[in-house]
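Going in written order, the chains are labelled A, B, C, D and E, and every chain counts its residues from 1.
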Amino acid sequence: MNQMNLAFDLYHLWEVCGGQMILIVAGLFLILVDMMLLHKDVEVRGKWLGWLTVFIFAATIGHMACREWELHDIVFMNIFSADKFSIFVAIIMACSGMLVALMSIGYLRNNRLMNGEYYILLVFAVAGAIGLVQSVDLLMMFLTLEVMSLAIYGLAAFLKDSPFSQEGALKYFLLGSFGSALFLFGVALIYGFTGTLNITEVAQAISNGTYQSLPLLTAFALIIAGLFFKMAIVPFHMWTPDVYEGAPSVVTGFMATAVKAAAFGIFMKVLFVTFTPILATNGQPDFASTVNLSALNPYWKPVIWWGALLSMFFGNLLAVSQTNIKRMLAYSSIAHAGYMAVGIIAANGEGRTGVLFYLFAYTLMNIGAFGVVYIIDGVERKAQELDDYRGIGYRYPTLAFLLSLFLVAMAGLPPTAGFIAKFYVFSAAIKEGYFLLAALGVLTSVIGAYYYLRVIYMMYMKEEIREVVRGAVAAPTVVALVITALGVLYLGMLPEKLASIANLAQQSLAMIF
Amino acid sequence: MDYYFLLFAIMAVGAGIFTITVKDALPSALGLLTVFIALAALYLHLHAPLIAIFQVSIYAGAILVLVVFVIMLLITPDEALETAQKNISYRAMGAILGVYLIALLIIGLKGINQLVAQKSLPEGFGKPSQIGDLFFRKYILHFEISSVLLLVALVAAIYLAKKRA
Amino acid sequence: MNAPILTYVTFLPLLGVLFILAVPQRDEAGKNVIRGIALVTSLLTFLASLRIYAAFDPSVAGFQLLEDHPWIPSYGIHYKLGLDGLSFWLILLTTFLTPLTILSTWRAIDKRVKEFQVALLVLETAMLGTFVALDLFLFYVFWELMLIPMYLIIGVWGGERRIYAAIKFFLYTAVGSLLMLVCIIGLVYFHYDSTGRMTFDLLQLYGTHIPRNYEIAFFAAFALAFAIKVPMFPLHTWLPDAHVEAPTAGSVILAGILLKMGTYGFFRFAMPLFPQGSAFFAPLIIVLSIIGIIYGALVAMVQPDIKKLVAYSSVSHLGYCMLGLYVLTRQGVEGSVLQMINHGISTGALFLLVGIVYERRHTRLIKEYGGIARIVPIYSTIFLIVTLSSIGFPTTNGFIGEFLILLGAFKVNKVAAVLAATGVILGAVYMLWMVQRVFYGEVTNPKNLTLTDMNLREVAYMLPLLVLIFWIGLYPNFFLKKMHTSVDHFINQVKIEQTSQGSQMASIHEVPGIEAATVSMAKE
Amino acid sequence: MDKYIFLIPLFPLIGFLINGLFGKRLGKGIISFIGCMSIAFSFIVALFIWKDLLSLEPEHRVFTQTLWEWMSVGGLKVDVSFMIDPLSMLMILVVTGVGFLIHVYSTGYMWEDESYWRYFAYLNMFVFFMAMLVLGGNYLVMFVGWEGVGLASYLLIGFWYQGIDNAVAGKKAFIVNRIGDFGFVLGMFLMFWTFGSLSYLDVFPKALELFEHGSLALNSPVLIAICLLLFIGATGKSAQIPLYIWLPDAMAGPTPVSALIHAATMVTAGVYMVARTNVLYTLAPTALLVVASIAAATAFFAATMGVLQNDIKKVLAYSTVSQLGYMFIGVGVTAYWAGVFHLMTHAFFKACLFLCSGSVIHAMGGDQDMRHMGGLAKKMPITYMTMLIATLAISGLPPFAGFFSKDEILGKAFAFPYHPLAGKIIWFIGTVGAGITAFYMFRLIFMTFHGKFRGTEEQKHHLHESPATMTVPLIILATLSLFGGWLGIPELIGKLFGHVPNILEGFLEPVFEHSSRIVAQYGHHVHVAEPVEWTLMATSVVVAIIGISLAFYIYMVRGEELPKKLAERFAFHYQVIYNKYYVDEIYEFLIVLPIYYFSIFLWKVVDAFFIDGIGVNGPAWLVKRTSAGARLVQNGFVQTYGAFMLVGIVTLLCFFIYR
Amino acid sequence: MAGINDYIILSCILFGLGVIGFLTRRNALILFMSVELMLNSINLMLVAFSASMADMGGQVMVLFIFAVAAAEVAVGLAILICLFKHAKSVDVNRFNLLKW
């Protein structure tokens, strides 16, 4: 083989980034199919593309879970790593993609918008997201972040006839570019100090004591800010409600879960690999210098403390006065970001496990909720006001029950996944002595319970004031809803399995070196 | 004193200020163009000829032209578009925050020259061939991904721009 | 050893739910089938709980009929069930009251019957689970689980301001219980720090060494959660709203069982887990209980709405329970436990009775009635008997509970006992005044002339309650016998810790005698 | 026979259950039969037990029976047990005996009532609870009866509940009694924590033992507290100051009920209880003094209030209060047997008086106002005669029953061993009160049976003697009023007739022997010489005669104008006394209304406004308002959002740089 | 020869100017250009680092950033054009259908 021609080992790439490769290749394939498939009926074409996308995601999940999960040689070219943590998050995002794809088939049909670009963008968005969490290279992070973001800008703006969708997308775009610029500034600085972009090498480079030098802190702050934007942590959350409200419902579900998972995943990865490295508990810790392991704790911990608290507080508080259910769920997603941040602040294994579990659980319940929302909507923005939900409980009992289940899960009540997830993150924080944060956090979740319950009482306890006709329920959506509902209940009652996997995953963060 | 740097630095800052203060979008674009050119000059100074060329060709030549094109497309002459926020305090707040950010960044990055490794440049540093070499060795994956990035942008842009199917 | 009877009892209602879900409720027949299934399920649950009665050994101080399976091993969370003499009767009370409640809803709940019965049965499971769970996490799960069905019962089938009441109920309870969760986790980690073992097992957590200020804080959080449920004095305002707005069945369950969870929480969790915190707050809790007793009675007196009156009377009655619990004498504690059962029976019965006239007249305002004793003699007789039970008339259950509590309290704190005893007078005042205004005098409202007396079904579900009222009143030993050892154990558990901390609580061996009395007299 | 003690309460209970559950479907005859026979059986059983009791040595005359263990918690062990000793024997005989007569009377009196069955059910229930009270072997069983008779009283006062006043009176009785019970219960608590038991057979020996060991001093505070707390209970049940106010209102019930419950039996429960607790009271002289003082005050004031009442039953009610005062004087001055003696004689003559008044009311068609009566003697001779006998008895004229008992009490009061001076004052008040009693009782007789009939024509037409079911009990009771006192002939008089023994004192002696011993040991030895004793006796007779004469002068000789003149002359006093010293109004104003308005305040202001409004809904409101306000920050302008981000990053940088 | 510090300061100023433009202008297109200004400042910094460290990586990064900038502009403009069809304006202050 000529080394010049082939700068890397393709097989190794396939091993490490198989999921991404499947998605990218499949994305290209989808473009082809979209152009070639000359079926007259747009609907049929859309449906086929949709199912194809679902299949692609299923294949991706299967591949990642079966092969990449058990890898030993996990880092490829110092750019991508297939550590269990990244793969876990990647699987969450692929699941989110699959569920969203399932729902999109029905959603797009209801909205008479069967363009294939949707699925292409969805696939690339997930590919970008997976690339993001897999990358251990800051430049690659930026690039994949942009791949994901651009795809999502496109998805958010997908309702071309809706000014809301376009406006949301534009806001997202403008602020997103701003956020990316901040992130990039930080990345550039890191590059400047260390001469490298690989996060493990960065960690090694700064382990000699430059931890607390001002420029590095500045770079750290800028990276935090850039990622907080994607995580929607207060005060970088302002775009969330507008974009979530404007974007197509299923896309909102996707944004609230996959994008959030990607952001949290990469944040934790950067934090716990570069800035506050954790040591391998088994295996061999390559990273020898343990002196400064927690030198940055006093910097980022208060930041996340406040960020988590403010997110929980403002997210829940502002959700109270919302009348649009999507906007309400958007605020609630801010609050959930806050809860997850509580898990990060604990900075212990339980906390990271908790965050991973939370991401998974949140994916299930949030996508499920948006699925119900879009069905009740019929056509986007037709019935999104809370008043439209009056009496739904008797008009559409199953839908209402499902929505109640998801909302109850989000409110964090047993026996749902939401409760266990909250339990995990809060118990991790309490373990580290963050009683006050935990107490304030649970109090804000009381506010949260109020607005979730409000939807439930609208559905079950109020007389309807106008006749809401739900949209058609497509079979794939039913599948997705069943999966999410069962998942929410299953994880609520038997969380141990997923939690132990997540625990394995978070432990692998120490193994990236 | 490095007059070359000083000249283009002042030019870049001045043009930048012009860009963000001028009333209409078109002159603003021209201001940005000036910034780009000034930066390109600095790139040359920093042994990055290829970047400088790309700066002029891609940025000024492609991106900015695209922007100008859209400006022409979107702004009909009869539409009087206020350029800046009417509310002075709003503008002042933005400016103050921005200045504050600049100050903080400068303070925060004080002493960066001790951190950044300072090596003497090897022979032929910044030659395009080196870049090409890196592109296809170390940065091949980035390259691939950026192609995906452009593809995604393309798909999104085409979808949004095309007439409804 | 043998069949996991507690699990069967706890989850049997859910089995009924499955059947109910399969039945369509389009017509009256379907509804009746649903009601029938619910009734049969709850009766079967009651029968199954009699197995518990048979298997229960009152001579064992610890927990019995234990079931222990790992649930979330990494956190040491177990599916652990068990009961002792303190929870024993509460479980039976739950299984006993539920069929009666279901019977009472036969006609009252005509809309959305299926959903209602499902909610009721799920609620029963949650309540039973709360009483048998010996793992803090499991307990918390059940504790929260009961919120949703209760929320729906109040909110969907309730009165005019039902949504306000339901949300108030929900949020109020949630505030306390979430803080409790935080402290549960904190406790577990304190235990973990000292033993290196993660466990939510209550039995292992007893006696965990916690720094004093943390213990006080933890107790405060637990106490808040439970005090809200009890409800103790300044935290009681959700109760009248919830009671007034809830449908009859909801009120019965709420008063009969849900409130007991607060007191149950105190004696199962808050007090034994944090004896120091408990001792620290004991004066406050005693004072609040007494305020609750008197305040509840006074406010009950001036209520224009019968249900609200009964609701406030609950505040008063539960004040006795708390007082009895906190004086930590055998009489006090056993009286307290008995009073919980009594309150479940008599207040449950009162709500059922109010429901009966509400069903006919759709009003609960006292002034809408008057002189109906002549029109509905059976009803008024039963009402009077239940009233007597509620005001603690000897030979009824209420007397035994109040007597024991006050007797126990008298030993520890005479002022408290005297003040609390005034509640007995006030209780007679508000109940009898209400009885007088509702039943006696001329019939002033012509609408009441057409009232019909209780029918067979209504008599059928009142009779068991009446039997119990007198059973407990005449032969309380039957009930007390089962709890002696557990109560002793409980007092030891709470007190030994305290005395070792130098608390001035008296010794547990309360052999009554002149010595103690003369000493205390000499002091005065 | 002691195995069968439980039958005494059981029969009335069965009667109650049958009449109560099935009475509506039974005929009146069967109801009457069940109602009366259940009491009769009890009476017979009591007689048999009495016979057995008498067959024992005096000091061993105690029967006990334990049915089942009621409560046993820690040190507390309470059984459902009965105890019969001479005291309870006497009481139960009175209760069942008089009770039986009144049941029989009631069959005539209530025959027309539509709720006949209910009446008998309640009445049987009353006897059941009264039997529990009397026979109970410990204070808690006594308390069961104690509250139980209160319930029966409540139900029977409000028997005609359609009249709201009757229901209110019933409620008032119950609640006032509850206030007393509050004291009783606390007394029990203190007793339990002092002596470790509530059983008579444990408490009294233990108290004596402690006393003899010196660990319990005479007049020790704990004893005083126990006795006074129990006495609070007694003031409630036995209508003493300050809790007597319910009794006059209680006359709203049917007259036989007044006779049985509010004259003969229930109201004397307090006396019984004090007599039962004599050991403790004797050990607490201060408590005794309080009892006697309150009793004397009650005896006097109630008598004055009786003077001006026009309602025939109200007169009797106040007289009952007054006579109860005498009984308490008796037990209060350690003359326990005398108190019980008066209790018994009072049961006879007061039951008789009430039943007679019932007979009169029956004849008057329900009218109770004496101003409408007059000259009934001719129309209803039996009633007149029996009532006259009873009135003479209550007025304390020899040889009627009241003379002996009242005189015994006053004589013992004069010689109060613990406080001789106080005893003399009490004697004086009691004697004056006796005179007033004689006055108003004869006023009643004169206004009712003499003079012209002042009622309507229709009433006049209707006047008739009552049926035999009513008159026979009257005659029996009148006979007892006449001869009942002879059971307790004082030594002084007994000597005259050649050592007639004081049967009753002898019978009761074992119950009070410890008390007598202690009194003899620790009390002052007040020697009352024989002439003094004679003088005392004569004084009370004279006073009674004066009272009667005065009544005769005012109401017979001067006819109708003198009372009016007097009323005008002493308008103020008249009003005050006529309105019972405004006690009800004062209670209303000082206690009831403040509590009521305080409760309203608690509800509307504390509960609804402060706790619920500010404390609970306040945060909710705050959250909603802040939410509504804070959402405005999210104003839709992308640059605002950018500004917030910038604020965030600037804060972050500041923190990182300047930390 | 200008030191690395000077370039950094220059790039900070340019970045700040971009931020100020982003916050103060109403024309969406000028907002776009402000973002471009920010990206360019970063480019300058990277090139300066690259020259200082004698590492070509910085220059390569700049090229990727060019690509990103181009892609962003393409998508952004497409969205803007789409939105223009509805709002008939490029004034960002007009884009507040979504708020509160």
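To be clear about the criterion, contacts are C-beta pairs under 8 Å (C-beta built on N, C-alpha and C of every residue); 3 or more make two chains touch, one makes a residue touch a chain.
Since we're looking at a predicted model, the values are computed, not measured.
Undergrad: Hopping along touching chains only, can you work out the least number of steps from subunit B to subunit E?
TA: Counted as steps through touching chains, the separation is 1.
Undergrad: Which chains contact both subunit A and subunit E?
TA: Output, common partners of subunit A and subunit E: B, D.
Undergrad: Need the most distant chain from subunit C, centre defined as the mean of C-alpha atoms.
TA: Max centre-to-centre separation from subunit C belongs to B.
Undergrad: Between D-E and A-C, flag the pair that has more C-beta pairs in contact.
TA: Ranking D-E and A-C by C-beta contacts puts A-C first.
Undergrad: What chain is most central when centres are computed from CA atoms?
TA: Located nearest the centre of all protein C-alpha atoms is chain C.
Undergrad: Farthest chain from subunit A, going by the mean of C-alpha atoms per chain?
TA: D
Undergrad: How many angstrom lie between the centres of subunit B and subunit C, each centre taken as the mean Cα position?
TA: Here the centre of subunit C sits 71 Å away from the centre of subunit B.
Undergrad: Can you work out the whole-Å distance between the CA centroids of subunit A and subunit D?
TA: Distance between chain centres, rounded to whole Å: 80 Å.
Undergrad: Could you give the separation in Å between the centres of subunit B and subunit D, each centre being the mean of its C-alpha atoms?
TA: A distance of 103 Å separates the two centres.
Undergrad: Using Cα averages as centroids, what's the distance between subunit A and subunit B in whole Å?
TA: Taking the average C-alpha coordinate of subunit A and of subunit B, the gap between them is 30 Å.
Undergrad: Scan subunit B for residues touching two or more other chains and write them down.
TA: 85, 90, 93-94, 97-98, 101, 104-105, 107-109, 112, 116-117, 138-139, 142, 146, 149, 152-153, 156-158, 160
Undergrad: Which parts of subunit A, given as residue numbers and ranges, touch two or more other chains?
TA: 139, 143, 146, 150, 153-154, 157, 160, 170-171, 174, 178, 189, 192, 195, 214, 217-218, 221, 241-242, 321-322, 450
Undergrad: So which bits of subunit E are touching at least two other chains?
TA: Residues 15, 18-19, 22-24, 31-32, 49, 52-53, 57, 64, 68, 71-72, 75, 78-80, 82, 92-93, 95-100.
Undergrad: Output every touching chain pair, sorted by label.
TA: Every pair of chains meeting the touch criterion: A-B, A-C, A-D, A-E, B-D, B-E, C-D, D-E.
Undergrad: Inside the complex, what are the residues of subunit D that reach subunit B?
TA: 639, 643, 646-647, 649-650, 653-654, 656-657
Undergrad: Where on subunit C does subunit D make contact in their complex?
TA: 168, 171-172, 234, 236-238, 295, 298-299, 301-303, 329-331, 334-335, 371, 373-374, 377, 388, 393-395, 399-400, 403-404, 406-407, 410-411, 417-418, 421-422, 424-425, 428-429, 432-433, 435-436, 439-442, 474-477, 480, 484, 510-518, 521, 524
Undergrad: Inside the complex, what are the residues of subunit A that reach subunit B?
TA: Per the stated touch rule, the residues are 4, 7-8, 13, 24, 27-28, 31, 42, 77, 79-80, 115, 117, 120-121, 124, 127-128, 131, 137, 139-140, 143-144, 146-147, 150-151, 153-154, 157-158, 160-161, 189, 192-193, 195, 210, 213-218, 221.
Undergrad: Quick one: which bits of subunit B touch subunit D in the complex? Just the residue numbers, please.
TA: Going by the criterion above, the answer is residues 85, 90, 93-94, 97-98, 100-101, 104-105, 107-108.
Undergrad: Under the stated contact criterion, what part of subunit E meets subunit B in this complex?
TA: 1-10, 12-27, 29-30, 32-34, 36-37, 40, 43-44, 47-54, 56-57, 59-60, 62-64, 66-75, 77-82, 84, 89-91, 93
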